[in-house]
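A, B and C are the chain letters, set down in written order, and residue numbers restart from 1 in every chain.
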């Protein structure tokens, strides 16, 4: 794959991923990952200090599925909708079928409860640091590390970023 | 056209479309549509309930032109400028020369009146659900359905999204 | 280069440029420009009135380097992080190895001081009007004109947009 094909493949994955979340098809979310995988939400400060565990840490597809079950059945939170913008997708390394990439993101949250219905606001900005496997035309995340700039509202995190 | 050529063509159309609006060249806006066309701004709730008419509903190029004439001559509103971000353009179907696509958008509005001059804020986020005709190298919207997340400020809608 | 190759090359430059700023690798920032160059931040009003000098005006690579030295050593400002979104990259002209392009941008600022730590907000939206040189596979800005919509907060400008 040349540089253009690589970025196209990574963008296709990112775009499908964010539409899956924004459309609330969260049961399909784990399928964007390989069986052995890492999904982590953390801050740059955590990473720079070598702290191993961030805000969210899932290191298997089963943990990703559990997270969605918990979100659907156990968690209490105000109904909302996400809207993701992804920008500046950039390939940072290629080794065999493994690609690393960085992409900026911004997520807006629109509340759906009666009081705040239809009010949108900036929810989180940051960077995706991804390790992606491209195998036989199928593209999946082996690692998705979400480094949030917006450290303040992490306690409210329910839906994946 | 392969997948890369298709997304490129759709992105070129989306990018030209948003720059046209952001540069206030609204008289050119109807030319992004085929003669028989649909331009609609609505909410997901409306769509899910099968309600036929959203906030704005234009089903011909003439109605699009009328809208711009009204905006220039009849409507009273505070002077403002839009800035569109489009992200995650994704082809969802292809049938002959007809392509369907979904794209996330965020629009910022900057006020130009003396009191609020130069203040920018999030105005609307949502998704474009488009049906696009590609004919002899010319790409146009046959349908552009704007599903807004930001239901709250729809009453202020003047400029097209 | 065909239209797809051109937009790819320009996007690669824009993406690398914004990741450089967002990662605070500002010492590398001047290297995105040719030796003879123009970097300007201004408003559309300034441009339309033919006013020559905007908010920031640097017409050599040396001036760009000076700006970063000043920022690191002399300026007093609250610690912050930027996050750039770039969208709707559009080639507007090609002449030999020189390409002109327009791209919408939105920048979010996250404060890093103890009081506001981790709070993100919209900082600036506007348009990049760029003249880009593509020579032997190296892509650089000969001119980068940043036309801000968000006129209000220009006085706080420290980090380049």
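What we mean here is this: a contact is a pair of C-beta atoms (placed from the backbone, for glycine too) under 8 Å apart; a residue touches a chain by one contact, two chains touch by 3 or more.
All of these numbers come straight from a predicted model, not from anything done at the bench.
K.L.:
Is it true that over half of the residue numbers where subunit A touches subunit B are used by both copies, so same, or is it different?
P.N.:
Different: fewer than half of the residue numbers at the subunit A-subunit B interface appear in both copies.
K.L.:
For the two copies subunit A and subunit C, what rotation in degrees overlays their C-alpha atoms? Round to the nearest 5.
P.N.:
Rotating subunit A by 120 degrees superposes it on subunit C.
K.L.:
Once you find the CA centre of subunit A and the CA centre of subunit B, what distance in Å lies between them?
P.N.:
Chain centres of subunit A and subunit B, defined by C-alpha means, are spaced 27 Å apart.
K.L.:
Which residues of subunit A are in contact with two or more other chains?
P.N.:
Residue numbers touching two or more other chains: 4, 85, 87, 106, 122.
K.L.:
For subunit A, which residues are in contact with subunit B within the complex?
P.N.:
Checking each residue of subunit A against subunit B gives 4-5, 8, 12, 14-16, 18-19, 22, 81, 83-87, 106, 108, 110, 117-122.
K.L.:
Could you pull out which subunit B residues touch subunit A in their complex?
P.N.:
Of all residues in subunit B, those touching subunit A are 3-4, 7, 43, 85, 87-90, 102, 104, 106, 122, 124-127, 149-152.
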